[in-house]
Each structure stands twice: as structure tokens, then as C-alpha cells.
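Paired with chain B in one complex and with chain C in the other, chain A is shared by the two complexes that follow.
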Partner chain A sequence: MRRLEHIGLLALPGLTFLAVIFALPLLLLLLKSFQIDGQVSIAEYRLFFSDSYNLTVLWRTLRVALLTTLLALVIAYPTAIAMSRARGIWLSVFLVAMVLPMSVGVVVKAFAWSIIFRTRGVLNDMLMSLGITDAPIRMLFTESALIIGAANVFLPFMVLPIYAVLRQMDGRLPEAAASLGATPVFRFFHVTLPLSLPGVVAGCAFVFSLAVSMYVIPSLIVGERQQTLSMLTARSFLYLRNEALGATISSILLIIAISVVLGSSWLANRLGARS
Partner chain B sequence: MKLTSKGLLNRRSVLKGSACAALGTVATPAILRAQSSEIVIGCAGSHTAWMEQIVAPHMKKAIGADILFEGTKSSVNLEKMASNKDAPYLSVVQMDDPVMIQAVEADLLAPIAADAVPNMTDLRPGAVHMDGMWCNYVQPWAGVAYNTDFRSGGVSSWTDLWAPEAEGQLIIPSLQNTEGMWTLFSAAMLGSGKPFSEAQYEIDAAFEKLEELKPNLLSVYTTMSQAFNLLEQGEITMLAGNFSSYTLPRKATGVPVDLAAPSEGIFAMPSGICLVKGGPNPELAAAYVNEMLGPDMQAAIADFASSVPANTTVTAGAIIPEGVPIYSPDWAFVAANRRAWIERFDKLMAL
Partner chain C sequence: MTGTDRLFLTLSWVIGMGCVIFLMLPIVITVAASFTSSSVYTLPPPEWSLRWYQSLERRSGLWEAVTLSLNLAVVSTLISLVLGTLAAVAVTRGRFRGREAIATFTVSPLMMPGLVVGVALLQFFREIGLRDAHWSLLLGHIVITLPFVMRTLLASMATFDFSLVDAARTLGLSYPRAILSVLIPNLAPAYLTGGLFAFLASMDNYPISIFLTDARNKTLPIKMLQYLEEQPDPSLAAISSGLILLAVIVLVIGSRTVGLNRMIQG
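== the complex of A and B ==
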């Protein structure tokens, strides 16, 4: 027990760093959201929730984050299965393919997407030449483009946790199920998927937290006509110079992110214990 | 051993040496700061090209200053000044007039005086504001940028923005950007039917007219370079409120864009320069401003950025299109109402 306590000290630099750089500023921000002219007040929260525009932005932020998480999960899960079964050079190829795109800045990616998504762009040309569409479809500045772009950026954060869990799974379990006559579909839904759920929950928590608070990606892909909570925060601090409103929106965003992380942590523990 | 016995390395000398070293360490940054030739300038992101190519090398040669510049929006520069009011790190800021008014109200600026900045006496009337709190240094003109491949006839009127054939072909600036005001004021003129001098106060009429613009809007930008990129690619055919210092240098490189001066009028971009109150290196900062207002820099920037120089002794730079009125709005009115307009505009334009 004493040894464990000593090992716990190793986390001290990280905890101190997070406390000073992350927790303290956020605490100050939270306090600021309850302060109006030096008085404690929830007026700014009441004002925020009484404005239908803010509620639209809040709903859009949550919807985009949820759909981004869902799309990333759908793409990531088969990829993680393939990676967990890959060996040697193929595993290296998969890992490099996951990590390398993270070194390309979001701004560069956003400009690249504008080339693909534009009316006279690669994707529209392809769709029309294949006879799938008769005329160019508007893709730039749409929520769909935002979700595709965000899922692209956050994909590694979904793939890697699922891969880590699948990699540790005892490969003999699906084989045992097969020997008892289970079909591949039955094996997936009753063996592989339940065992991989802690990784899925962790991946979803990562991607949702990142997607709900993203700023640069929506600014570049959908612009000012489809604002998210992060864009409202920036606008409040930088353009409206309304610190109380900015702090309030940041706090709402923080509460959403903390709820997701705590909820997913609880779920992952339960699922881990069950499996 | 010999050293110790002679007292050269005893406890006292070690303590003395440590104290000197500590004092030196503490004092060195202040000394270096006092003698530093480095000044930080806040400017617009669209200034980057000429700040790098013209201003920085000139300032090194003329006043021995090493220029570090931070290119961003005027309102972000204002926020930087306000956040660092107790310990400013910017010495000079180049930003737009309406934001200058807010900076004066927040007591963030130091007045520019003719004894430290003699070139300010050569500026045209109206270029020095609020008893020298800031000066206009160059003045680009703003109209409608368009893609020449797709609009060979140009943009003859601001009403072209509202034309049905322009559906989905237009991007306008957000009111967070100063150039966003030009679409608002054009809408005010068209919506109210009044001349600009009166129409600029008809904001309800402006917003009603702007609502009619929505079918033609592909997007509203806060990052101009991205929107301009879409214009160059032909994804849109018109970019409202763009200005000569950005469009015309791009046109000169062979890109299929041009800047139209619609018949109802064009606008004077309010490019100002100011000294930050309590900013580092005040003498060098004043020398920088003096150079920026001097004939050499004025001619070079005006030519490079297709702008009208503020110094009356300079004949270089852009030519304002003839036969078209050029407007400069009541910036005090803009500064007083801008926040409310931004909120109203964002809600109106939201999808």
C-alpha cells in the first residue's frame, strides 16, 4: 500500500501542471460567469438560456458533436479490427496512417477540403462523370462538410482506444464461440463488440469532447452563419468584449465536456467490470 | 589549496560572487530591454506582405529597429491592448478608426506629438484624429471584388449583389470585420433611398435590405483570405466590401480578380496608426510612426498596397476611381453601436 502511495507521487508533476495551466484558469472563468458588477448572480445564465439564438447554437453544437462522434465510430471500428489483426509491416503502416495526418494543421486540411468540396471541385466532377448527379451539389459551408471534416481530424482519437482494447482481447474467445456453432455476426455482437465497449466508450468520449469544443474547424468550414458555442465564446471575448457572456458560454461548454468525460468513465468502468 | 589559503576562494568570496551573479541575472533583462532595438507592432493580417517586404527592412535601415509584428483583426488587437494594459508589450498598433475610438475610450493610447513625429504635420486634413490620438497613414478604397472569368462586365452597382442571378455566388464580411460595414451602409442606401450622409444612420432599413441578400449568400466571413481564395477559384463571383490594398496586388499577379467601384459610391478604409500608452521603447515607437508617415514609407506602401497616401507631399499610390463618390462614415456612431449590430447581424444571417 505504501509502495502504491509512492508510485502515486509520480503523477505529481502532471497533476501540478494541469492544476495550474488547466484547472485554475477554468475555475476563475467559472467564477467570472457568476459575477456581474462585483455581485454574485446567475443573470448571465438566465440571459443566455432565454435567447432562442443561443439555444439554436447550443443544439447545433451538440448535434454536430454527436454526429461527428457517430461517423468517426462507424469508420474507426472496422479500421481498429483490421489493425488489431495486422502484424509486422502492415501494423506499422496502419499506425503511421493514423498518426501522420495529425501532423498536418487543421488550416491546411480545411483549404484542402475546400478544393474537394467546391462546386467545381474533385468530388462534384466525379459524381457527375459517374452519372450519380446531373448538376453540382453545394457541399461547402454545409453541416455535412463540417461533420466529415471534423470526423477526419478526430479519427485517430477513436481508432486508437478501440484498437488498444481489441489488441488485448483474448483471440481464443471468438474461436471458442465459433467452435460452438456461433455465426460470424453472432460472434461479433455477443463476443467482440461487448469486450471492445470500454475502448468504444473511451474513443467516443475523446471525440465528443474535442468536437463539442472545436473552434478552428467550424470557423473555416461552415463560417459565421452556423456558429457553435466555441465561436460564440470567441465572439463574446474578442468582438463584443463581454467577458461575463464569454465566461458563461465557456462554463456551459465545460459542464457538457465534464459530464461526457465523467459519464463515459463511469460507463467504461461498469463495462470493464462486466467483461 | 593555495587559492583558499590566500582567501581567493573562501566562503565570503563565494557569497559575494553569488550575490553579484544573482544581481546580474535580475538586472540583465531590464538592461537589455532598455537597450533593445526590438519593437512589437500590432497590425492587420492583410498587412503581412508589405510589413515583411517593405516596412521591416526599411525600419532596420532607417531607425535601427527590429520589427516584430502580429497580424490580426483590429478588434483582436484592441483586446490584446486591453488585456495587457498594466504591462503592454505592443509599442505601436495599426488598426481601423472605429476600434481606435474604443481604444481611446479605454485609455489605451498615448497621443502622437509633432515634436517626436514631425511628419504628422504633412498629413492631409482629417488624417489626424482626437488631437493626435491616432493618424491615418494610408487609405485603400473599398468596393466589390469580383472574378473576371465569371463576371466580365464587372459590378456596376451595389444592387448587383441582390440580383437573382447571383444566387449562392456572394460572400460578405461579418460586421466583426471593419470592411463588413460597407455592405451594411450600401444596404442602408438602397433600403432607405437616402443619400449616404443620411442613410448611414438608417440601420433598420439596412438590416431589412440585408435580409433580402440571404439567398445570394454562400457564406459570411471573418477570415478574409479564405473567402478571397474562393473568389479566385471561381466558387463565388463577388466578394463585397473588399479593398484596393488586397484585391489590386492580387490582380497584378495575374489572378482573375478585379475591384469594382459601384456607381452609388465606394468607401475609404480607415487605416490608422497609434502609440500604445506605456508601451515598450517609446522613443523607437515614435520614430517608427514618424517613418510610417514619412514620404519614403508612404510612397512605398501606397504603391505596394494600391492605397492613397496620407502625406500630402507624396504623389504615388492608388488612383481613386473617378466619377464615383467616396464615403467615410461617422465612425463614432459605428463605434457606439457596433456590438449591438454584430449580434443583430449574426442572428439575421444565421442558418
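== the complex of A and C ==
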């Protein structure tokens, strides 16, 4: 049918829209950050990296994102295993626990965590009534609180890719290994874990890129005192009116995000080629 | 099953159940805190009361923010569904090079930092002279919603039998009519889940919207963070509980019509 050759044109409205309202602005932002008065220059970056405060913020952002990803992975992997074995009502419980928090906005959840961590908040009340501490512990405004809150918000994005891979895995493979005399630990590290790695990579890439650029969660849980790259970006645009700095930091965030996407798809391809 | 097997499995169940509680915790806490009679967040509340729900009436600008957010979410989702259907049909049925790349590109806004997209749009709109906040917000929100729609539509069209559309054409329907009366009803579950998640993503967005608002056009998340700075009383928990109710309604609709399992496949 001749018609099918022209069918590609149907993609044009959507593509044009995203090219103009998404790709072009990002490209301009990136180009502009390498430019001063029309000249190609990395002076803005040099300025950014020469300030030790900025380096502290960059390091804190990466550290928080990494620890958030690790915490989410440690909770998510066993959960995905349990979920892949669950049937009936238990499976529904797991599914609701994933989909409902995903449907509730970040603003609501970050706000909830700020109530929980408050000095006279839910967690301290509980700890004191259990007699674990006498005086309230300062939790809000700490990095640990931020990591716990962020891991909570991003957990479903870690559980679901791992669950999807585990569910499709042929359950007879570990059994076959067992019948050949493999111990449970050996089976886990040589059968289940390697087969589930694509899900782990996808989950980690997604959670890390969300965590590196999160804004609402740190501004509600740690506030202005401990800046992250995205808070610094927002501040330089909305309060300091230092747009050159803001453009540089957002380009750095953009470069991190693109590296994560490219790196993880390269890794996923290699894993796919091996198995 | 050996003892070690059982230990492994028990341990993963314990952690799994802990994870369920951990995930539900912020939702339960928010709803419980909204029914307090006290003006600080203590749980369990000294007395149950609806006073913070009643206080919402006096919150200035709340209603405008809710209407603006609903308006943006509905309109941007509808536009995304139209653009998304056309693009997904083209990618699934077209015979041209670079279809993979197009599919990846249309989903890619999901992987980009929202704040960076917001900054880029702010500078871009200023350069082309677009000053109207409402239009800027709408364009920005289509960038938010389109990838959600594309992701589900691409996945479901990949397994759709397009000979049904061809059959309808042989029976005399034009191509657009065939798409409308055969493809879309058959893919109703994908339209529903893609549309619902796109709607919620738009309702919740803060990092893109914050760069595109002005004093008169403030979306609900922006207004909520502003209240939190000015007057952080439990009325915020009441607004949050309203949003949680919205998510529950979406979940019920989704699980009744397409099933929970299909919803998580995105």
C-alpha cells in the first residue's frame, strides 16, 4: 500500500513540538553555557569549579544521589523477589503499595517526611514514648533524613524494573541448578542475580538520575542550609538573578543526566549481549 | 527446599512487607495529621477534627491554583494524547529509517532533569518573546505529559494487530475514521493508564512550572510550597489528603478497568 509510505508524516506534529519546545531550548542552554559574548569559552565552568563551595555542593549532590540509589536497591531487591513469588491478595498488596505512592505527588510525600522528621514530630514522639531517647533528636535538616525521604519517593522506580525481569525469568532455571547440586548461595550469585542485572541497571539509572536532580525533596527536608546542585540552580535564577551561574549548573546537571542515560544503555546492551 | 532457601525467602518476605509499610507511611501520616484538632503535627492527634478542612476556605488563592492545575493537566493530557497517537501510529506502522530513534526521543523528557528543562524553557520563551505565563505553562506541561502517553501507546501498539485497521479500510472507512473507531477503542486500556499517569504528572509538577509562573498564574504545587513557607499549619495536610484522594480514585478506576498489573507496566 502506497499509503504506508506517507504514514511516517503523522509523527511530524509531535516531533516538531518536542524538537522546538524541548530539544532546542536544552541545546541553546548547553551552547550558551560554553559562550561568553559570542566567543567559545569555558570560563564559566572554570569559575564554577574554582569555587570550593560549589565543589562541596557538587560532591554532596553526587553522594546523596549515590546513597539514595544504594538504599533503594538494598530495600528493592528482596522486595522484588518476594513480589515475584507473591500470588493473589499478597500480589495486590504489593501492587497497591507501588502504584498508590507513585500516583501521589512528590510535594505531598516530601511534606509528609518533613512532618515525620520534625523535632517535635512523629518519629521523635515515638522514640521518646518508647523510652529510646529522653530528648528529641534533630533529624530534619540532616543528610540521613534526606536520603531516607528520597529513597522512599523513588523506591517504586527501583522495585518495578527488577520485578519485571524476575517475573519473566524461567523459575525452572534455579531449580535446574539446584538439581545439579548448586547451593542456594551459589544459585543466587550465578543464576538469579546475573539474570536480573538488566532490571537492576535500569532501576539504578532511573533512581540515580531522579535523585541527582531532585529539588522539592531536599528543599523541604534539608532546606537552604545544605544546598544541592538543583537548589543552587533555582536560587541563582529565582533569587540571586545570576543567570550565568544558573545556566552553568543546569548544564552540569544535564551532562550528568545524559551520561547516566548513555552509560546505562551501554551497560544494558553489554549485559544483553552476554546472556 | 533446603533450610537456607527457606531463610532467603523468609528474609525477602520480611523486607518486602517492611517496604510496603515504608511506602505507605507518608500517605498514612498525612491523612492522619489532617484530621487533628491541634495546630501542630502531633500523632495521634489529641482530638479528631475537621477544622483544617474548614480552614481551606480562607486560604487565599487556593481555589485559583486548583483550577489552574486541573485545567493545565486536562488540556495538556488531551493534546498529548492526540500528538502521541499520531506519532505512535507513525513509528509502529511506518517503513522509514530512524523509527527507533524517534521512539527514544519522544520518551526522553522522562530522563531529563525537570529543573533543567524549566530553566531552558524560561530562557527560550524569553528569547522568542513569549510572555504569557498561561501559554508557557501549557507548552511546558505538554513536554511533561507527552512522554508518559508515548511510553504506554508505543508499548501497546507494538502488540496491536493492525490488520483490523486495514479491514475497516476495506469496508470503506477512511484512515482517520478507521483509527478512531477501531484502533482507539481496542487500545482503551493504554489510553486510560497513559492518560491518567500523564494527568497526575502534570498535577504534581513543580520543577518546570516554577520557572514559567507569574504572580497571577500559580499552580497547586507552587502554591503549596508557598503556604509551607508562610504558614505551615495542618491545613497543608488537608490539601495533601485531597490530592491523595485523587490518587486513590485514579487507582480504583485503573484497577477496575485495566488491572493493577497492567498499570505498573506503564
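Observations on the structure shown:
Basically, the second predicted complex is superposed on the first by the 243 of 275 C-alpha atoms of A that agree within 3 Å, B and C clash if a C-alpha of one lies under 4 Å from a C-alpha of the other, contacts with A are read in each partner's own complex, and residues count from 1 in each chain.
Everything that follows uses one rule, which is that a contact is a pair of C-beta atoms (placed from the backbone, for glycine too) under 8 Å apart; a residue touches a chain by one contact, two chains touch by 3 or more.
Being a predicted model, the structure only gives us computed values, none of them experimental.
In the three-chain model built by superposing on chain A, chain B clashes with chain C. In the superposition on chain A, A:S196 makes contact with neither chain B nor chain C.
By the touch criterion defined above, A:N124 reaches neither chain B nor chain C. After overlaying the two complexes on the shared chain, residue contacts for A:T233 are found with chain C alone; chain B is out of touch.
By the document's definition of touching, neither partner reaches A:T61: not chain B, not chain C. Once chain A of one complex is fitted onto chain A of the other, the partner contacts of A:F111 extend to both chain B and chain C.
Judged by the touch definition given at the top, the superposed model places A:Y53 against chain B, while chain C stays out of reach. In the superposition on chain A, A:E224 contacts chain B only, with no contact to chain C. With both complexes placed on chain A, chain A has more residues touched by C than by the other of chain B and chain C.
Applying the stated contact rule after C-alpha superposition, one finds that A:L140 touches chain B and leaves chain C untouched. Shared-chain residue A:S209: touches chain C; no touch with chain B. The superposed model built on chain A shows that, among 25-33, 133-141, 187-195 or 223-231, the segment of chain B colliding with chain C is 223-231. Residue overlap on chain A between the chain B contacts of one complex and the chain C contacts of the other covers 111, 115, 118, 120, 219-220, 237-238. Per the touch definition, chain A reaches chain C in the complex via residues 3-5, 7-15, 17-18, 21-26, 28-29, 32, 75-76, 78-79, 81-83, 85-86, 92-101, 103-109, 111-113, 115-116, 118, 120-122, 125, 152, 155-156, 159-160, 163-164, 183-185, 188, 206, 209, 212-213, 215-216, 219-220, 230, 233-234, 237-238, 243, 246-247, 250-251, 253-254, 257, 260-261. Residue ranges on chain B touching chain A, taken from their complex, read 73, 75-76, 78-79, 82, 168, 174, 176, 217-223, 226, 229-230, 233-235, 339, 342-343, 346-347, 349-351.
Looking at the complex, you find that chain C touches chain A at residues 2, 4-5, 8-9, 11-13, 15-20, 22-27, 29-30, 33, 40-43, 83-84, 86-87, 89-91, 93-96, 102, 105-106, 108-109, 111-117, 119-124, 127, 139-140, 142-143, 146, 150, 175, 196-197, 200, 203-204, 206-207, 210-211, 221, 224-225, 228, 236-237, 240, 243-244, 247-248, 250-251, 254, 260-261, 263-265. For chain A in complex with chain B, the residues that touch the partner chain are 53, 56, 110-111, 114-115, 118-120, 138, 140-141, 219-220, 222-227, 235, 237-242.
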